[in-house]
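In the two complexes below, subunit A is the common chain; its partner is subunit B in one and subunit C in the other.
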Partner chain A sequence: MIGAPILRVVLSKPSGAIGVTLVVGHVMLAVLSPLVLPHDPIAQSADLILQMPSLSYPFGTDRLGRDILSRVMLGGRSAMLIATLATLVAMVWGTVVGLLLALIGGRIDTHMMRIVDALSSIPGILIVMIFVAALGVGAAALIPILGYSYGLSVVYIARAAALDFVARDFVLAAQARGEARSTILIREILPNVRDTLAVQGAMQWSWLMLGITSLSFLGLGVAPPTPDWGLMIADARGVMPTAPWAVLWPMAMLSTLIVGVNLAADAFAKALGVDQQLRTVAA
Partner chain B sequence: MTLLRVQDLTISRTGSGAHIVRSANFALDSGQTLGIAGESGCGKSTLLLALMGVVKPGLAVTGGLVHVMGQDLRLIAPEAMRRLRGQSVAMVPQSAAMALTPTMRVGAQLAEAMAVHDAIPPDTIAARTTTLFARVRLPEPDQIGARYPHELSGGQMQRAAIAMALACGPKLLLLDEPTTGLDVTTQAGILDLLDELRRETGMAMVCVSHDIGVLARLTAQVAVMYAGRIVEDRPTANLLTRPAHPYARALMASVPRIESPGLPPSIHGSPPPPGETGRGCAFAPRCSRAHAACEEEPALSPLTEGGRIACHAPDHGPLAPTEMPDPVVAQEAGAPIIAVRGLVVQYRRASLLSRLTRRSLPDPVLAGISLTLAKGEILGLVGESGSGKSTILRAIAGLWPPSAGSITLDGANLPARVTERDRTALRRVQVVFQNPDASLNPRHTVREILAQPLRLYFNASPTEVEARARRLIADVRLDPAHLGRRPAQLSGGERQRVALARAFAAEPDVILCDEVTSALDVSVQASVLALIHDLCHARGTSCLFVAHDLAVVAALCDRVAVLHRGRIVEEGPARTVCSTPEHPYTRSLIEAVRRASDVRGHSFGES
Partner chain C sequence: MLGLILRRMATGWITVVIVAVVVFIGVEVMPGDACTAMLGRDAARGDVLENCRDRMGLNRPPVERFVAWAGDLAQFDLGVSMKRERPIADIVGPRLRNTLILAAAAALAGVPLAIGLGVMVALRRERPFDIIVSTTALVAMTMPEFVAAALLILIFAIWLGWSAGVVTAAYDAPALALLFATPLPAVTLALVYMAHILRMVRSSVIDTAGADYILMARMKGVPERQIVLRHLLPNAILPTIPVIGLTLAWLLSGVVIVESAFNYPGLGRLAVNAVADRDLPLVQATALIFGLIYVSMTLIADLIAMALNPRLRTRRL
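This part shows the complex of A and B:
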């Protein structure tokens, strides 16, 4: 989908190169870390409580004497998995609805968008609270819930991107030929908004990553004792004055990932010309 | 002192170093006029901008100089340059609609243009605004300044833009396609105004246009550019009647003329992409007179009868009158393939509010149109913008359901909406749109573009699609290599050919062409017209050809219908309508075409 020339443009800029390196590094770490763990991330030890970073425990240990390096290496895995699946859900339904509304237009579009406006006004966190805190569902249930609430913003983006194209003559030409609406969506419009949506998807993913980590921090996401950055920060915030490393490492991991995704998405957006595409109305 | 002196001006791309304009040389005194003619991409607009000291990003002046009133534009300080622009040199941009700020009243914009240059005492600005509006013949000059650009018509916006250019009394006026996109009657009015202003003020003018008629009307001298170079530069009347450079000759000949119906000849091949010329004469590959010497680039050298030419093999004979091809006889005006009866299109139904306030309905776009298109016939539909000509086409295509009236295809009723038509009815009527940039999906290859109708109407298999696409691309005289390209990699003419190939892929009985050549260069237009003619006649396809240019319609069509304010005012064989128009509106239309392109009726600069 993304050709070598585009990748070369992205890597030629420092920000793009840093972003791609950070993302690739994080993904590799998440995939390969189970093979190279220095210690058992769950094993507690009363003798090793809040150790300073040392040779055998380079990142130090936490309140329960667990190795922070091992936990940090694994701590993004659950959140990344949930974020990826939730992004897929959000992108698919948001894109389908957004493109359809742009193509149909008229009164249906206006009314549906007001409903989307209304739904967007309900904070996503509230919906998560209702489901997770009140009904007690597990982390897997976060996928459809987050997918729904983040998908609302995709509807706006997809619709806006597609509106640029639905008024063009090639869509009119397809309508005059008598092409089915689904064919027009998939063959005529989707290829033109694909880049915009891909970049949007990357941004969505980073927001979801932050959202899930926040939920874990609040105790509504990943359940202990699974190593997770949000849980680790929550767990260590009481000992921050005495053992700052216990919060520092998971925070550093999360921020490098988020910054990396944003830098990379930005560089791809520029290389693909997404910025201009959203702004120009007619060729 | 020479007002404008351009010497060996060369403008190149900063990256590749490719030359966009090469060694341009000319000079202009006050009151003199120069036209620059050429096809898109020949460098004429780049050259014009350089006369104001502007080069577009990505380009740079790499040689030569531009002197305006003795000042070298390369050495001039930014502040002096700012003063120079507006007070000495001013430009009327190509599209006034784009150049005027939509959120500002036109009077305020004009006042701003004067205030910026501090040339006019502030207390006289208001009075001068009115004077300027009066000078460009805008109605109610004391009140029109309170309007916003969208409240003006296209011609009025162009007049306002001219007023802005005149605000500080420039010595040199630069015009970039001053009448493109305007109706022919409006166009004639703007050209009259410019000519008058030049005579009153004695300012010099440089006008860039692809339309020879515009230059004939406005300038005493014309330089023809090809691939970044001036190839012929002569007094206008001389150039129009006896051009000597083969390219200039072909360009003049490709203009359709209302006096001599029949398809104008077209130039084979296409110009080299900007900056990619070899060592020899850039036109040699397309030139019928090219010989061995043409491998060396000819210098621009003086002609005995005045002017300059860059050609090893000039043709000094008079421009042969377009040989009259056999009159295109409508094929035995057969049974109508399309019959339109009492077609009415109205913008919208009266709302409750407007019914309560008794506001009358806007005039209908189409007020009861009836016309027939016979099998194998090419019917031209002419009118100014807003006359409803495109609306008829869209109604037939099912894209704009009429409020009343019926459309039949081969005697069978054609449903109003495209979504209600069956596949066969859809296949039999195909549309080609005005602008191929917009009507071809930029993400698709030509192969994919042609595959769509083949799959939709014939359920063609991939091998069948490939075979048919190859045949179609050859039918529109393109190379099979084009199949793998995307629209952005094609020229405007090639894109329109692809759009035609897509329409003919459906093997239609009727094609509806909506201003299909108005976005093309005149030489490309000639070849696309020839292609439409050949394709329709070879296949017996009927064609409804909508255009605003009567000369184009006269060249291609068997029969013409003239549309005015939603009604057909005259209808008949193309030749009859053009030679002996009955309706006053048709007569004024023909008169305007003549006035916009007539050489004899124009007075040359006092030189």
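This part shows the complex of A and C:
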């Protein structure tokens, strides 16, 4: 989908190269880490509580005597998996609704956007909290709820991106040929907004990572004892005076991932020439 | 003009109604209800369940219950908390005050600072000062609130010992006591949205500086100071005001996290606790209040923008 020339442009700038390196490094770590774990990430040990970083425990141990290096290596996996699936849900429904509204236009479009405005006015975290209150904690419940709530902003982006094209001659020609609405969407409009949506998808993914780790921090996301950065930070807050490393490592991991995704997405947006489009939509 | 304002306010109210419907449906479509949540899965059967449902009026059809609920809401009756068995208004009131204190402190200190810094870096574009501040803002934007909170506690409360790390004051403490207990919650809250405002103001000033009338003023020989104060800033800041309002409204979801991280006795932490207790009426009430605050903030931002910018007064909203 994104060819070698684009990748070369992205990598030629330091920010793009750093971003792509961070993302690739994180993904490889998440995929490969189960093969190279130094210790059992959930094995507790009363003798090893809050050990300073040492040769056998390079990142130290937490308040239950668990190896922080092993936990940090695995700590992004659940959140990344949930974020990826929720991004897919958000992008698919947001794109379909956004493009359809742009194509239909008129009163239906106006009224539907009012409803989308109203739905967007409930902070996403509250919607998630309402559902978690009733359904309990778990990925199965989180993915559709997060997908719905983050998809609302995709509707705006997809609709605005498509509005640039619905009045063009090639869409009119397709309509004159008698093409079905779904065909026009898939064959005529989607290819033109594909790059914008791809970059938006990457940004959505990073926001979802932030959202999920925040939920885990609140105790509403990933459930213990699964290693998770948000949970690790929540868990280590109480021991910060004596063991700051327990909270700093998961922070560093989360931050490098988010900064990496943002730098890479920015670089791709510039290389694909859609950065201006995304900015006008966001404003 | 008046008609425009009234229409904008009507839109706001429609939004509030939709929010109420969504909050109601959100709880309605889920398996189980307030009674099964309160009694627990094992106890919730037979007569016990029926009695509870009768008592809480859950046996009536959904539409009837929604009308009753909405009617109570219109009279500022938020219902009764299941877990705490007290009127929700009594629980929510003081905590809403605390959240507003926190948000106001963060906004009053942060917004002028963010606008000022944004203008300063824009006028010193691409120089070291701009690069340092803009990069810091970028990092602050990508940092989730709970990470910023933990980091600030670690640096200022534990390493430097300048202030307390978490709030220990009770929820009904006087306003000043809460505010001075520790500045860290307000700072954390301010940090994230300040970064957004700063970057927006910066790009707006830079865009405006390229306009023809600025070039014209410079060619006429208008002093640089006057160009900035009279020509550049009013035109650059104006369009950012509605967006600043929106940013402040989004600060609400930050409130939930920041309050939990600092143990601040506000509405956000109450909402998290209500979720943990599965106290559905309380969850509904807090979600609704957050929605209401959001709608009022965007409304106020729009009205201020209309007051300041004559061009908006003719546009159909």
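Just so we're on the same page, the second predicted complex is superposed on the first by the 272 of 283 C-alpha atoms of A that agree within 3 Å, B and C clash if a C-alpha of one lies under 4 Å from a C-alpha of the other, contacts with A are read in each partner's own complex, and residues count from 1 in each chain.
Simple rule for what comes next: a residue touches a chain if its C-beta (ideal position, glycine included) is under 8 Å from a C-beta of that chain, and two chains touch if they have at least 3 such contacts.
Bear in mind that the values here come from a model prediction, so they are computed numbers and not experimental data.
Engineer: What does the overlay on subunit A give for subunit B and subunit C, a clash or a fit?
Structural biologist: Subunit B/subunit C on subunit A - fit side by side.
Engineer: Roughly what angle, nearest 10 degrees, sits at the C-alpha centre of subunit A between those of subunit B and subunit C?
Structural biologist: Result: 90 degrees, to the nearest ten.
Engineer: In the superposed arrangement, does A:G219 touch subunit B (first), subunit C (second), both or neither?
Structural biologist: Touch partner of A:G219: subunit C, not subunit B.
Engineer: Look at A:G106 in the shared chain and tell me whether it touches subunit B only, subunit C only, both, or neither; answer first, second, both or neither.
Structural biologist: A:G106: touches no partner chain.
Engineer: Check whether subunit B or subunit C contacts more residues of subunit A in the superposed model.
Structural biologist: With both complexes superposed on chain A, more residues of subunit A are touched by C.
Engineer: Which partner does A:R168 contact after superposing on A: first (subunit B), second (subunit C), both, neither?
Structural biologist: After superposing on A, A:R168 lies in contact with subunit B but is clear of subunit C.
Engineer: For A:P191, select first, second, both or neither according to whether it touches subunit B, subunit C, the two together, or no partner.
Structural biologist: In the superposition, A:P191 contacts subunit B only.
Engineer: After lining up the shared chain so the two structures overlap, which partner does A:A133 touch, if you call subunit B first and subunit C second: first, second, both or neither?
Structural biologist: Touch partner of A:A133: subunit C, not subunit B.
Engineer: Once the structures are superposed on A, label A:L210 by its partner contacts, choosing first (subunit B), second (subunit C), both or neither.
Structural biologist: Once the two structures are laid over each other on A, A:L210 reaches subunit C alone.
Engineer: Looking at the overlay, does A:A176 come into contact with subunit B only (first), subunit C only (second), both, or neither?
Structural biologist: After superposition on chain A, A:A176 lies in contact with subunit B alone.
Engineer: Pick out the closest CA atoms of subunit B and subunit C after fitting on chain A and give their distance in Å.
Structural biologist: Taking the overlay as described at the top, subunit B lies 5 Å from subunit C at its nearest C-alpha.
Engineer: Which positions of subunit A sit in both the subunit B and the subunit C interface?
Structural biologist: 283
Engineer: In the complex, go through subunit A and note every residue touching subunit C.
Structural biologist: Against subunit C, subunit A makes touches at 114-115, 117-119, 121-127, 129-135, 206, 210, 213-214, 217-220, 230, 233-234, 237, 240-241, 244, 247-248, 251, 254-255, 258-259, 262, 283.
Engineer: Using the touch rule from the top, collect the residues of subunit A that touch subunit B in their complex.
Structural biologist: That would be residues 168-170, 172-179, 187-188, 191-192, 282-283 of subunit A.
Engineer: Looking at the complex, which residues from subunit B come into contact with subunit A?
Structural biologist: 397-399, 418-419, 421, 423, 426, 430-431, 433-435, 437-444, 452-453, 456, 502, 506
Engineer: For the complex, give me every residue of subunit C touching subunit A.
Structural biologist: 11, 14-15, 18-19, 22-23, 26-27, 30-32, 37, 138-139, 142-147, 150-151, 153-154, 158, 165, 200, 243, 250, 252-253, 256-257, 260-261, 271-272, 274-276, 278-280, 283-284, 286-287, 290-291, 294-295, 298
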